[in-house]
Each structure stands twice: as C-alpha cells, then as structure tokens.
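The structures come next, written out as structure tokens.
After this come two complexes, each holding subunit A, first together with subunit B and then together with subunit C.
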Partner chain A sequence: MAHIGPSGFSPYPVAVYEGVLNPPPGKALMFNEIVDEEVAMREAAKAMLTRPNPTIFPGPQVLYAWNEEAKEKAKLVRKMAEVLGAKIIPMYDYRPKYPKINPAIEINPNHPNLTIWHNKIKACIFVGVHCHYANVALKIIRAETDCFTIAMCGMAGHEDAMITLRDQHTEEMEKFIKIAEEVKRGLGRS
Partner chain B sequence: MSYKIYDINEDLKEFMPKEIIDLEERATWGNPKRGVMDLPYTKELIEEHSLCAGCPESMALRYILASLPNPEDTIIVNSTGCTSLVFPHIALHTVHSLFGNQNAVASGIKRVLEWRFPDKVKDVVVLAGDGATVDIGLDCTLQSFFRQEKITTICFDNEVYANTGGQESGLTVKGHVFKMAPKGKQWDKVPFWQIAIDSGCHYVARLTVSSPKKVEQVIKKAIYVAREVGPTYVHLYTPCILEIGLNSDDGLDEMRARDKERFSFFEYMTPQAEEVINRVKEEGLL
Partner chain C sequence: MQATETILYNRAGQRVVSPDYLLFEAPRTKHFMTGSEAVKEAVKRASVDASVSYPITPQSEAAHLIGELWVEGYVGVYFRGESEFGVMSEIAGCAMAGARTITTTSGPGTLRAMENFPMWAGTRIPVQLVLMARGVNSPLSIQPDNLEVGFLLDTGCMIWYAETAQDLFDMILAGFVVAEQPDVHVPVITVVDGFFVSHTREAIMLPPDDIALPPYNPYRAPMPVIDAEVPPGRFLRDPFVMKSNYISYATHASWQWEVRAAIERSRPYAKHYLRGLIEHFGDPEAELVFVACGTASAQAKEAVRLLEDEGIPARVVKLKTIRPFPIEELRQAVKGAKYIFVPEFNVVGWLEREVRRYLYGHSNAEIIGAPRVAGGMTMPAEVIVKEVLKLTGKEVKHVI
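For the complex of A and B:
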C-alpha cells in the first residue's frame, strides 16, 4: 500500500488508500475481497444482467485492429454485449473533448460520469482501456455515480472497480461469456 | 509507425461516432502528396485549436500540419510561446523543449532516430516563435545550423513577445511600440533569414501565411532538403492581432499588406538543395 504523500491530493476516494489492493495472479477482486476468478465472473455477469442499462465501454485496445488479438477481442466484446443485453459505448480517444462530448454515443475518461449519468447506466464493463486512463475513469465513476464497475484488464487489474478481473485475454473472455450464459439461464432469461 | 492503430475493428465499427470513422476513411497518413487542399476534409492532425479567434499562427499551424509529407514519422519540437498551447491538441509526436533549447533537442532527436531507424525516413521539425528562435534560443538555433543538422526550423515571427504581454524581441521592427516597450524599439529588426543563409542553411524562405499553397510548397521543400542535405529555415510572419490592435478578421489583411513590403516572398537554396527540389518535383511530390 502506498504510504508516501497525503491522500488528500486526490479529490476522489482512492481504493488503495483504503487498503484495497489488486488481486494476485489467478484471483480476482470483488469490492475489497480477493476471490476466485470464477466467483467474480459470476457476480459480474449477475450485475450486468440485473442492473439497469448495462453497458460495455471498449477502449482503443479493442476498438482498433492493431493486432490479431485485438480483432479477436472485438468479436468477443460484441458477443459479450449480446449475451448480457448490454449497450456498447466506445472510449475511442483519451484526449479531453471540447466543448463537450456527446454522452449518448461516447465516453471520455476525463469525465466518464457524464455518459453514465446521461444513459442512467447502473453497471458497466471496462475492456481494452489503457490502465492509466482506466484508473482515472474508475475513480471518477466510483465517486460520482452509483454505477457497478467491472474492470476486465489484460494486466494487473484496477482496485477502484467494484469487480476486477485481471490477465483477461481471449481465453478468459470466452470463459466469461460462457459463465454469463449460465447465469442468464439461471435467472430464467434465454 | 504502423497504420493499423487507426484501423477500426469491423465488429465494433457501428458503435463508433461518424467523425471517428471519417478520421480513418479520409485520413491522409501515408500519402506524401497530402497538402492544404485536404484541409476541408481531413482533421486527423488538428481539429480545434486553443489560440485566439482569427490568430494567423493557427492558420500557419494548419497549413504546416497539412503540408508535412510524412506526418506519421515526423517529430515536432516546439518551445514556450503561443505555439506550445496548440501542441496538446495535435495528433503528432511533439516534444516541448526548454525555452530556447528547441534546436538542440531536435538535433539530438534526429541523430538518435537516424541511429535507431537507419532504414526509415524520420523528419524532425522545429516550430518556435521569434523569441525562442532568435533571442533566447539564438545560440542553439545557430549552432544547429553550423553543425549541419538535418532538421527543418520554422520560426513563427509575430515581431513581439505576445504571450507575456508585449515585450520587444530581436525581430520587432525599429520604432514599434508595445505595451511593455513604451519607448519604441531602438534597433533594427534582425534579418534572421540572412543569418540563416550565412550560417549554412541550404534552403531558406521568408513569407507570410496569407497564401496556403505557397506555405505548402515552402514547407515541403524545406523538409525534403533537410532530409538529404542539411539544415533548412522557414521564416513565417504570423502577426499577433491582439498585440498590434487588430480585430479577429483582420489577420489576413495585415499579412497581405506585409506581403508587399518587409515580408515579400524570398527564397534561397544552395545547388545541392536545388537538385533535391528538382528531383522531388519530377517525382510529382511538389
């Protein structure tokens, strides 16, 4: 845990100052608890299937076809949205957009709350967003909205998300889709 | 650089806003024939700017960015001043140097790029104001010319330190009065285009930015010559309409007026530079 510097520098609550750390490899983080990946995936799917206006926010790493994995992941994001009945709103650029973004069709990491407020999103998945901007956006969402955030991260995860799934690549995304289908059936929805 | 980072994944294309799809489909990356005529249709390098309404410098920046023959492999080094306010808004690699150090920083970048990417063309372009180029950065600017660094230096000459409230610079015209130079400048304007020639630049041009096509030609020539021969220098008049008391829509008229006097078009090239320019013309790139 970071001990250097006053937490007051941050205008927002920061999970790491509350002792919440990223999960170790092979595990996931659910609120402030380290759990098995599958448990977290089930809860994430449940949140997306039961909360109003679930939305997936794909970032540049899956929006642009910069390698074969990205192309594959884009297909899986599409499938995931289909299974979860979620909307897709892209985070295609990290630069602040002036005079303002159109929150109905885009999300910007510097003011993600605008998109969440506008669309009344109560559950969302971040996928393919570069870590530094996911960190910024998730802190803002955590402070400014009551949206249930799920970080699907290719690296170490994001402690500011409600559920953090780390080391998520195509195989893990496929696993999540399967679990989501099971949860959906369990909820009596086809 | 790979262009793939601009290719939108087909599966997610339908969720992308139209303006982003346009960026991909109408982009001029990879086309050395790109130029100012593409400006109405493309905006991949700059869309909005943060300068004053009607600022001639913003026009200059648009024309220059539209004229870069190789934007995907161009690095811009800039310095403190109004220009530096625009760089956060442009989609190019830019390095903000310490005030006046821009040509030294650019020299280092160019040398490392030549060493790191020997098979690739990488252009290094310096964009700085008159204070950074001729006053505070005079040493670094001239030394880069003396060392024959293969970089293009573009000076935005607004004849004053406009950003800091109107102090006279070396390029202020004799007798001009500014807010922080109430007695009027007592010395002549430094003819820096001539100093650039004497210091070893292979291509030098002086002009206003009243004619976009002319700016395009000059910038392309300067970059092609810098790639192969040595340092090049472009001196652009970009008046600060606020400091000289003009309205937002007066910038173009001011430049057209100066086209006929102290900023009349002037071009110099060495025989080696001429050879490159003629060859590039034959290739249809100019």
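For the complex of A and C:
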C-alpha cells in the first residue's frame, strides 16, 4: 500500500498492481515496505494513539463463538480498545444493507466509507474479518477516505491496508497490546 | 525419552504429506500412460472431496477415470451433472460447502458452462478445472484447437498450461495448493491440448500412491463456508445486491479488482510449486525466440533442433501460466531477441495478443504470430521451421 488518502473514486489502482504483495511469514507490511513485525506494531499503535477517532472494526471471526480462539480473541479486542482508547464498531454481517446502515454503530464491507465518514475516523484496525471482505473494504476505504488502515489478519495479510500484520493469533494480539501500552507510556499518556 | 510423531491419513487411508514432499522430494517411478490417465493419478494423490462430470470429447475418459477413483474410495463424492452448466454450478456448490473439488471439460462444454467461471472467481472458490482443449462451434469440431482458452482469459480464474502429461500431473497437484492459499483462493484452470496429450502415451514419473496432499481446510477460506449447522455462515455469504446507486457500483468495482489482485498474489506460490512461471529451451543467446505454451512449445522445441541443423540458433520460452501472465519473466527472457515467433493452435492468435501487450515498449523484437493452425491440424516442426526460413530468406529444404 503505497499512499494514504483518497486515490480516486474507483478503487484502482489496487496495491498489487503497484507491485506491493503481502509480507512473508514472520514479517509485516508498512505502506510498501517489508518490516519486522514489532516495528509495524509500534507504528500501528502510534497511529491509533495519535490520530482522531481511532476505531477497531471486529469481524465475524471474533464476534461469533466459532471456537475457543475466537472467544479469546474477542476478549483481547476489548482489551486492545481500552489500551488504545479506541471505539469498537462491529462488522457483524457482510450483506449490504439498504436503504442504508446506521453508521454510528455498524460498518459494512460493501460501503465501509459511510461509517468512516460519519464518525470522522482517521485510524482503524480490521480484526477478525474474512479476507475477501477485508480486501474489498480496504480498497474502498483507500479510494474514498483518508483513514489510516491497519489489518490484523490471521492468515496472509492485506496489502491494501497501510499496515499489515499477518498470522495474528492470541499470542500476537497480546504482544501488540503490550507494545501499545509501551507506546502509550512513551507518549506520556497513562 | 522417545519422540512421538503424529501421522495423519486421509479418507482413502493414504498418508498425508506436505505438498513440497509430494511434488519435489518423494521418490518417483517411471510409468507409461496417457494424459487422461495422468489426471487420474494426480487426483488419486490429491485428497479430493468431490467431482462432478459430464461427457464430452476429449475429456470424457479423464472424467470417467475420476469416477473409478470414487469407486475405489479416493474421491468423496462423484456424480454426473445434467449438462456442463449443471456440472460447473454443482461443483461450485460443493466448493462453497467446503469441499476440495475438481472437474473436467472441453470445447463446447466450456462455452456452455461459461457463466459459471466468473461466478467461481467472484465467490472465491478454489475449484480446479482440467480443460482438455478442443475446437468450438461453429462449425462443430471435436479436434484439438485451443480457441476456447482465449474466451477464458478474463474470467478471474488462474490459467495454467501443461505441455505434457508430466506437466499435467504436477500442475494438478500444485494447482490445489496454490488455489487454496487464503490470499489467493480463486479457481485454477489447468489446460492441456486435447488428443495431443490426453490421448497419447508418454513416460511419466510418479510418486507412490499411498501418500497424498493434506486435505483442504475450508476454514482458512477468505469467505465463510456455507454450513447449515453454523447459522452465521448462512447469512454471511450473500453477495451484495445490485442496486442502481454509487455504493453498489463501488463495491462491484472493488470486488472485481480484488479477484484480479488474488490472481496476482498467486505469483510467488506458483513460482515455487511450478519451479518458475516459464521454462527455457535451446541456445540462451539466440536472437530467434519462440514464445509458446502447451503442445506448441513441444513442437517449437523440435523446430529448434531442426534449425540447429540449418545453422540457425533458436530458443523456446515456454509459458506455464497464462493467468497470472509471466510479464517480468517474459520481458527478461526475450532481452536480446530480434525475432519472436508465437506458434498457436487457434485462428485468432490469443497468445500473440498477450505477448504483444506485455512486450509493448519493452522489446524491439519483431513479433510474428505464426505459424497458426486450427480445427484439428497438427503443427509439424517443419512448418515452424518453414516460417523461420521464409523470414531469413533461406531456402526451404523441408517439404511439408
């Protein structure tokens, strides 16, 4: 992901067409650079702690009790929100809603920009969203908003996010929370 | 203390091994078989959950042999569809429900099923279609011709092209592995030229048949699996409704870019499992290059040998993948080329168009879309040589 800010009405060019691919295992993607996971986590925490109206968008993989890991991740999402001082707006359903969603309380992958515009969100974390819908949403967000996007993905990552953390499970989420606490202290906030 | 090892077996009782072991490390023995039989051998080692078939020449035998694997317990579900459209719809249902799936078709069957291929890609299902290319209507032909591949280029499916039965065997196994990567997860069409490969016997190296790929894990899919027992799955899979407003247009655009992005993400995986997206043959310094896929590349290799006798150095760049197109690999491979011939088994020259598109501004070579045969014609190496000799002004010794 090479740029921040609106890139035009069409979600093109997408990051892969600019030569940006997902990071290899053990690494993270920050804009168009492959970096160590910890470096990316630190920048992600900084973005969430310094930009207006930071928000976490949890998806079905952490909202529903599919398995024990999902339950643990849900608790960690809540803790993450507390540390980052972020709102939680759920993406609980992938179907588009017509005539419109209530952007104050929900986000939808087919028109995520409505929620971001309404709440003036300048930094967000996607977590627990199925990869296809995260990718569709991240392309639209990139095309139509100036929101700093962070993807915490349990699989291979999302190159259309500004920061991509891949293979994120409970251990990695705990690590992120710890780093976020350090960054917060460094910013003189408790 | 003795270390313990967990050994997994699939439904057929085959030992589950890593894709790398199955493709690169397992000992192989030599066999003599047709391309259709190679399909059976690949499916036998692929822990396939479901296959749907419909007869059409020349893929009928491959479809039939997959049915035999079902009888033997290697394939979970197998049935005959009502038509190719039915087959491709039914196999999509199996894949959406979380099954590893494979089917086969040819020529007019491909065209009848056409609406399903972009649907497969859009719903992000890693179905594998083995396409044994033959002529399409009209006029009706059952003979080898790969025009139909030109129609499939922009369906959102990966397209790989096998030259030999060996290629086909390896590509089918690698196809599942690459198509099922969570960040790829689009269909793969493994193409082989009908009759030339499906119906001829050749030596092929096979790993043992008591080992197989790990089963597909649908819970790593980029969309929720349809599962009647897990209610969220039922209402999370719906596509967006096409309404006439800007939001639905933007969603549709983003969705389509995402499908194409997924194909691009397959590059590193395909490079690993296919050992590169292209293959070189001949004199690496030669200024005369054949860019081809499938049987045309096999014939071009023979032409390179004949040209050697004429004192003309030549080489072949064989394309293993068409989608993703090996853009950078091709640009590098034709550096220094003066003449690029694109021999093809169809009248329209879809590969020549692709080659011109991606070399535009990147090569000063003259690109020649020849020779081109169709409708069941063979392409003797001498025909290719004749085209080259015409260009160089040399006497044509070989009489066709």
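What we mean here is this: the second predicted complex is superposed on the first by the 179 of 190 C-alpha atoms of A that agree within 3 Å, B and C clash if a C-alpha of one lies under 4 Å from a C-alpha of the other, contacts with A are read in each partner's own complex, and residues count from 1 in each chain.
Operating definition for what follows: a residue touches a chain if its C-beta (ideal position, glycine included) is under 8 Å from a C-beta of that chain, and two chains touch if they have at least 3 such contacts.
On a predicted model such as this, the values are computed, not experimentally measured, just so you know.
Novice: Kindly classify A:132 by the partners it touches after superposition: subunit B alone (first), subunit C alone (second), both, or neither?
Specialist: In the superposition, A:132 touches subunit C alone.
Novice: With the two complexes superposed on chain A, say which partner A:110 touches: subunit B (first), subunit C (second), both, or neither.
Specialist: Only subunit C is touched by A:110; subunit B is not.
Novice: Output check: A:88 vs subunit B and subunit C. Expected answer is one of first, second, both, neither. What do you get?
Specialist: The answer is first: A:88 touches subunit B but not subunit C.
Novice: In the superposed arrangement, does A:27 touch subunit B (first), subunit C (second), both or neither?
Specialist: A:27 sits against neither subunit B nor subunit C.
Novice: Let me test your reading of the model: by the given contact rule, A:42 touches which partner, first (subunit B), second (subunit C), both or neither?
Specialist: In the superposed model, A:42 contacts neither subunit B nor subunit C.
Novice: Quick check for you: in the superposed arrangement, does A:155 touch first (subunit B), second (subunit C), both or neither?
Specialist: So A:155 only meets subunit C here.
Novice: Looking at A:144, would you say it contacts subunit B, subunit C, both, or neither? Reply first, second, both or neither.
Specialist: After superposing on A, A:144 lies in contact with subunit C but is clear of subunit B.
Novice: With both complexes superposed on chain A, which partner does A:66 reach: first (subunit B), second (subunit C), both or neither?
Specialist: both
Novice: Could you say whether A:16 touches subunit B, subunit C, both of them, or neither, answering first, second, both or neither?
Specialist: Once the two structures are laid over each other on A, A:16 reaches subunit C alone.
Novice: Return the residues of subunit A at which the contacts from subunit B and from subunit C coincide.
Specialist: Dual-contact residues (subunit A): 60, 64, 66, 93, 95, 98.
Novice: Mind listing the subunit A positions that touch subunit B in their complex?
Specialist: 58, 60, 62-67, 70-71, 74-75, 77-78, 88-90, 92-93, 95, 98, 102, 105-106
Novice: Within their complex, state which residues of subunit B touch subunit A.
Specialist: Contacts found on subunit B: 2, 4-12, 15-17, 20, 48, 88-89.
Novice: Could you list, by residue number, the parts of subunit A that touch subunit C in their complex?
Specialist: So the residues of subunit A touching subunit C come out as 9-12, 14-17, 21-22, 60, 64, 66, 93-96, 98, 110-111, 114, 130-133, 135-137, 139-140, 143-144, 155-157, 159-160.
Novice: Subunit A touches which residues of subunit C in the complex?
Specialist: Against subunit A, the touching part of subunit C is residues 124, 181-183, 185, 220-224, 230, 232, 235-238, 240-241, 243, 247-248, 250-251, 253-255, 257-258, 260-261, 264-265, 267-268.
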